[in-house]
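Structure, as structure tokens:
A, B, C, D, E and F are the chain letters, set down in written order, and residue numbers restart from 1 in every chain.
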Amino acid sequence: MKRVVTLGEIMLRLSPPDYKRIIQATSLDVVYGGGEANVAIGLSNLGLKSSFVTKLPKHSIGTSAVGHLNAYGVETSHIIRNGERMGIYFLEKGYSMRSSEVIYDRANSAFAKSDPDEYDFAKIFEDADWFHFSGITPALSSSCYDITIKALKEAKRKGITVSCDLNYRKKLWEFEKARKVMTSLMEYVDVCIGVEPLSLLDQFGNDEKDAILKKHTPLEYEKVFALLKQRFGFKYMAANLRKSLSANRDILQGVVSDGTNTFSSGAYEVEIVDRVGGGDAFSAGLIYGLIQNFDLQDVAEFANASFLLKHTIYGDANIVSASEVERFISNNGNTLINR
Amino acid sequence: MKRVVTLGEIMLRLSPPDYKRIIQATSLDVVYGGGEANVAIGLSNLGLKSSFVTKLPKHSIGTSAVGHLNAYGVETSHIIRNGERMGIYFLEKGYSMRSSEVIYDRANSAFAKSDPDEYDFAKIFEDADWFHFSGITPALSSSCYDITIKALKEAKRKGITVSCDLNYRKKLWEFEKARKVMTSLMEYVDVCIGVEPLSLLDQFGNDEKDAILKKHTPLEYEKVFALLKQRFGFKYMAANLRKSLSANRDILQGVVSDGTNTFSSGAYEVEIVDRVGGGDAFSAGLIYGLIQNFDLQDVAEFANASFLLKHTIYGDANIVSASEVERFISNNGNTLINR
Amino acid sequence: MKRVVTLGEIMLRLSPPDYKRIIQATSLDVVYGGGEANVAIGLSNLGLKSSFVTKLPKHSIGTSAVGHLNAYGVETSHIIRNGERMGIYFLEKGYSMRSSEVIYDRANSAFAKSDPDEYDFAKIFEDADWFHFSGITPALSSSCYDITIKALKEAKRKGITVSCDLNYRKKLWEFEKARKVMTSLMEYVDVCIGVEPLSLLDQFGNDEKDAILKKHTPLEYEKVFALLKQRFGFKYMAANLRKSLSANRDILQGVVSDGTNTFSSGAYEVEIVDRVGGGDAFSAGLIYGLIQNFDLQDVAEFANASFLLKHTIYGDANIVSASEVERFISNNGNTLINR
Amino acid sequence: MKRVVTLGEIMLRLSPPDYKRIIQATSLDVVYGGGEANVAIGLSNLGLKSSFVTKLPKHSIGTSAVGHLNAYGVETSHIIRNGERMGIYFLEKGYSMRSSEVIYDRANSAFAKSDPDEYDFAKIFEDADWFHFSGITPALSSSCYDITIKALKEAKRKGITVSCDLNYRKKLWEFEKARKVMTSLMEYVDVCIGVEPLSLLDQFGNDEKDAILKKHTPLEYEKVFALLKQRFGFKYMAANLRKSLSANRDILQGVVSDGTNTFSSGAYEVEIVDRVGGGDAFSAGLIYGLIQNFDLQDVAEFANASFLLKHTIYGDANIVSASEVERFISNNGNTLINR
Amino acid sequence: MKRVVTLGEIMLRLSPPDYKRIIQATSLDVVYGGGEANVAIGLSNLGLKSSFVTKLPKHSIGTSAVGHLNAYGVETSHIIRNGERMGIYFLEKGYSMRSSEVIYDRANSAFAKSDPDEYDFAKIFEDADWFHFSGITPALSSSCYDITIKALKEAKRKGITVSCDLNYRKKLWEFEKARKVMTSLMEYVDVCIGVEPLSLLDQFGNDEKDAILKKHTPLEYEKVFALLKQRFGFKYMAANLRKSLSANRDILQGVVSDGTNTFSSGAYEVEIVDRVGGGDAFSAGLIYGLIQNFDLQDVAEFANASFLLKHTIYGDANIVSASEVERFISNNGNTLINR
Amino acid sequence: MKRVVTLGEIMLRLSPPDYKRIIQATSLDVVYGGGEANVAIGLSNLGLKSSFVTKLPKHSIGTSAVGHLNAYGVETSHIIRNGERMGIYFLEKGYSMRSSEVIYDRANSAFAKSDPDEYDFAKIFEDADWFHFSGITPALSSSCYDITIKALKEAKRKGITVSCDLNYRKKLWEFEKARKVMTSLMEYVDVCIGVEPLSLLDQFGNDEKDAILKKHTPLEYEKVFALLKQRFGFKYMAANLRKSLSANRDILQGVVSDGTNTFSSGAYEVEIVDRVGGGDAFSAGLIYGLIQNFDLQDVAEFANASFLLKHTIYGDANIVSASEVERFISNNGNTLINR
């Protein structure tokens, strides 16, 4: 079985139950999540071996995060246990015309303050086939940037496939800084995933690429992918398109390209249980499809189905098996009770 | 007041709250349900006298199931209390494009292992006007088949009207066996209820009838009903049509026929709180309408309104009064707060 | 900062969780609400100073209601604490085609039985800029009618702007009595808010005005507003139009007029978390917009956005800030997660 | 099987979860209870036939109370369904040194306002062997007093055994009025149950009887019982003694007498889940023991075990079977897990 | 009415329900608390006017903390709203032999990073009669120390009574640093409250005072109080003695002294709902008793009853009225249901 | 790190919240547990490597049980995934004088029906240092007996230490059969753990050994241990003594012996959160202590502390680290909040 390593921060997520606002909450629901951790859990549920690398304090909240990963079969033996605090984020789930709100309280986390020397990537990447990271990690701190570079260099040295979800977070860093940093990392990347953040990459000025991206159709993406291929030599590129109808209703579609041909999945409307981690589920589905050597059209369908099913699942992580994804694809949304 | 007897299995239903998957659940919500028990509760809530016949262990879970029936006024004095276990089913409620999943753990239940000799139908049917069963009961075990036959013979002997919801469950038995058994039981049946399972009945080969049924329109059903009337001499036939838009959105329509004329209700889209027991609510509404001697058009509307309102109610059973059904029909979906 | 006083009853609201029917509930969710209290909380959340005047028993349920108001910053120093009981209402939330049901148990509340002599409006209105009441208060009891009159006279004496939400409740009084009483109170009113209840006011026979109102379009309201202006001399009139698609889906639109020109907001479809208090949120938004001297078109948009966002919030009261309302207006329903 | 009828009010009980104070509660737990309803449920759980007589509104809260009684097998066919409201009480459960608080909101209930003419006791007492009431019912209203008298006269006419739990509630009436009324009712009573309220009965001045009762030992009760026997000719008298150590810890002991010999159970310390309804469980155990013709010593043990086990059960009613009570008696508090 | 100002940090407290360990929790219960905020809420519930001063971010969690204070009537108009994060602490409640665990995540809070210049104590102390702080505030950061000094100087200037709860927290600072700092602050303090931390104050070497304190009896405290009076000239000194029997059972006793005479309350065993904030409830009771000019013996009883009742109340803050405290004192632990 | 393998059944445990009876429950709390699984989780939490061997269905409930084990770091790679159902048990937690009740529904589980051929113990025991089983496994079915024998033979072949918790369950088999079977297995056992079940072993007639055991003191156990050593040659024997005061209060003491010298821990009273799995926590503590080569006196203290702390933890499994056990031992029950 193929083994995928992901690197990043996992946070304690706290959210009011029953679509209450935070000021109304007398309890907060608990899950543990973060972009790269979500990808690792998604992959493990799909049936691959995955390993998540981070640093977490020794206290019982850190242990809970590790237990959460373990429960879904993710390897946690490379998680460093030390430091003061772990990142927290508060999620007030929106409904209809009321947007979701996120309050980050992730500064000074054990991971953000961790040092490249703490990570032995030679050992971490033993037997690894794939390494996935996202644009969140280098944004956390300069040492996190250093850790990312260290990981990427070792991955390249070992010939491991590298995927990156560009994942721009405006609350973490300025766009221009993000653009510069992310562009510089692309030399290590084989598979590039992202939507609007594709404008992060410096081929064009914002205006031109934004104009293309704003149309938000697979056709337009085809043009962008061709340009990106030319500039960075990516093996594959993918985008998860979202048209938001309301806080609990989206239309979703996946696009995958090798730079020459671009394949797009069907576009489906989904009613939402939990939107967080949708993009990570897309990445997990994409990596799974590519590892399994699916046709690119099938990769697009598989990644989009994973993306879509995540929206119906509570929490950050995508708890669906490959056979459930495949059943969805072959059923085209037949949702009768299976009994 | 008319008295309806139903016979079948009632199970402990366990389902995760808040659309969680089973693997995420740290508690499971509890209701008690089963096709024929749901019909009995539905009828009692509509205002008729109903009695449910089954066998349940003496332990406190069995007692809870009895209490659940009692709470809605269903007669439970004919329930046999003995045996080892009661059936359980786990329901993972789907949402949007994620289907609901049912895990049955009903083998070897007290009812499935009960013996015809335990049931004194002469006494059970004293003062009864109607007997309802479904295709689930004969599927449970050979002794359950024997119990069904014994009940049907006694019902016929007493001149009681008999209704049957064909209710094919592929996890319980093979289609061909079901077809053979169910066809053989039709001689006792006055009112035949069902949808796709109508193809169970042996008038046609699968292909022809399936072809008709697949169109899923009242018009097509008219043809099937005429053929069924001819073959089995049913007094009434009915079907509850469902077009599933997603796991939480369906379009529903009821069709009722005397073999000569077929009447269909309006078709309504419903957003779903709990889909389980919808068909049972249709049966309860149908039986109620027929017992009250409504015009067949009104029977179709009443049965469909009962079917539809069930989808908005938590649990397996339809907790609506006849006046609520009638208010729905006369309001055509006016849902302003009544204050 | 402007200070708004509202007068009325606040009740203990009890509702089953998870869209259960009352008969299924083993616990009831608790909020405290009432038309005028909701307006006071809404205004405080929008950023104005508001004060709620009522009478509540000294027991801990009364204290809880006061604490609920305090939590949102509403002034409660003018609440009289005495008497036997507070009003209660049970809300069974509907879903889809199942309507919400309200059971009132509000007779003989401390407020309904309170005496005009207990209220020192000269003191209550010190520093007040606006007084808001609704048609519910005079309907509660004859002493509540007397209290209302006393408040209105003092408000007029002090030159305070007075707004009235006509709010007809058929469970509280007969239409003809309501029409007579409410019409007599209009001489004190500067800003008149309402929908169908506009037919309460005696300018026309029911038939003519009803005919106009039934069309339920801003255009028709324009005609009514002109007539009301002529008859009562209102400074402003407003209506919150609701087209109910189901118990959890409405289309909402706000209309505001000075009698000469009528302005209507966009019409938006909203999926509903809690519909109660929507009209009160509209009133709060309207008062806010008028106090801030917005253009009437902007008042209409602001009041409607407040109206609409309330439907996405649990409880009776609108917990949104002015900046959230404004963000909604400028985003036109962009509901991406803000992170 | 013997059939016991009880008459009284059943209320909606609302209490904060997790030992919260009312002001902290965002939900309230729901049970339905009242002295005589609790006795009826207790008896049904012990295995006798019991019937509860009251009046309840037709709304869904009234229906829920009926369903609650039905769930435990209590006959509810004699409950009158009409009127405006049902009684409510709020229970803030104490803990340790913090006392429980009850807020009654029971005035003007359907039962309190019901009329003797509504009750057909000739029919209600058909096949009845025993009638039980308490001092709460005549305290509710003068018509409730009339209903009580009417029931007592019919019970006497039919030769049915009558038991009364004196149950003095100082929030309902003045002691001197209670003493006069209750004393006048004793001529109908065969079995008199009570503790301090025994001083209600007018044989002595308060001082003398209070002095005796204050010692609170079975020995002292023996003297009181002898005097009561002499004065009222009771067949049996009983008292449930409670020494409160804290809000969650009591020592309990039962005393039963025929006026000649007095028998007392063992005294046990119990940790408390829910203290409400303890006295009613004692009455149910006593009635059960007397109906089963136990020796008076065994009656005392059985009634006290029922009393005690109730304290370990959530809600107002005693959900224990006769065999569980007997196991407790024979085990002397062996509480190993039974597996 | 007297007005008391308290200054400090209020945190978001998160604790697993039902005595679960953190690793088992899928939700965390929410309250807001902190030593000086707890005193302010306690005083407001007792019936005094209290004002809490701190700094909190503008986000909805900060607003929730303000709402929590408002709900109990605490003045929040002097709370500064700005900064990045608020302090969090996780409380895993112990049971029996398993200790409670606290995980602090309070570093870099808005309050800890706030500047003395942000606080206008001249305005804050307008109309104030009393200022209370604790040893936690100067431990948080050097700027918090500066804020404390600034407040103390202004309080002295205005002649306001100052009380200090020494409250040593070993997770916040070293003992020797704490001793030095706290000793230096005593010149501003009129009323000194504390237990073991009394050894903080530098009159003795640790050994001698510790030896006295270890005996933990009122008698020993008398000696310490005399020495403290001599050294610091305190007007009053008080200690809340706790003998821990288990994580849910303590024996509590209060001691109050003017340096000449020492008065101790009764010692009571209490079963615990929530132990956090017990000492703060003692301080609130003490301040209340002194402000009301109770005899010192009565002050000791009142402060200890407040201390004790807090242990029976969920959350950090003491939600008891003065009359409840007094009823406890006069009842000596009579905990019968009040109905 | 040492690696311990345990073999047995893990069940879905369902229990009503809040000390409700099953008939009152509208939801059931979920944990997964079973004697040998509990030992594996306990050991993993203490810090050893543990592996649990069983068979579970592929459905999501089986997956949840695996996830539960994974969350605590137990190796699950040797769990066979197949078969129809998993065992269930319902636990109604007792309180005070009301005993806990267990309803087993474990017949025909995947494990009970599994075949020895499915288990490759040569591979399972690779790198293993210790094998633990209990008397429950051979009681489940004859194939489970065969699996046990197969495991024991392989363990002996590999020279792995074997421990057995005799764990007699009267609901699973007859005492005489149990005695015969368990005695026959003792030849493979190095460490024998048990209490009353020691009378299972055939050295004595029941009467004599029972008489010794009934005294339930360490002293008496010393005699029994000496005789067992003589008969079976055990290396170590241990017993966890329990004196039950009520359903939520026990006195616990551990005894360990090498047949020559017997060591007993202190006896502690514990208030109980969850009693299930106490014995398993004792076994885990014992195995840990022996593997760490503690003195036998320290083994007794460690095993008893583990036993005792389990009673304060929700669920079947002991979630305590070795350092928490050691802190408990060194603190002698100091339960102040650690902050």
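By definition in this document, contacts are C-beta pairs under 8 Å (C-beta built on N, C-alpha and C of every residue); 3 or more make two chains touch, one makes a residue touch a chain.
For clarity, every value in this text was computed on a predicted model and none was experimentally measured.
Student: Copies chain D and chain E touch; is their interface built from the same residue numbers (over half shared) or different ones?
Tutor: different
Student: Comparing centres built from CA atoms, which chain ends up most distant from chain D?
Tutor: A
Student: What is the chain whose Cα centre is as far as it gets from that of chain C?
Tutor: In terms of C-alpha centroids, the chain at the greatest distance from chain C is F.
Student: Between chain C and chain D, tell me the centre distance in angstrom, where each centre is the average of that chain's C-alpha atoms.
Tutor: So the centroids are 45 Å from each other.
Student: Any idea how many Å lie between the Cα centroids of chain B and chain E?
Tutor: Roughly 62 Å, centre to centre.
Student: By the touch rule stated above, which residues of chain F touch at least two different other chains?
Tutor: In chain F, the residues touching two or more other chains are 17, 21, 23, 26, 67, 71, 101.
Student: Can you check the complex and tell me which residues of chain E touch chain C?
Tutor: 67-68, 70-73
Student: For a test of understanding, state which residues of chain F touch chain B in their complex under the given definition.
Tutor: 14, 17, 21-23, 25-30, 59-61, 63-64, 67, 84-85, 88, 90, 92, 101, 103, 105, 107-108
Student: For chain C, which residues count as touching chain A in their complex?
Tutor: Checking each residue of chain C against chain A gives 17, 71, 268, 270-273, 308-309, 311-315, 319, 327-328, 331, 333-339.
Student: Which chain B residues qualify as touching chain A in the complex?
Tutor: 18-21, 23-24, 94-102, 104, 169-171, 244, 246-249, 275-276
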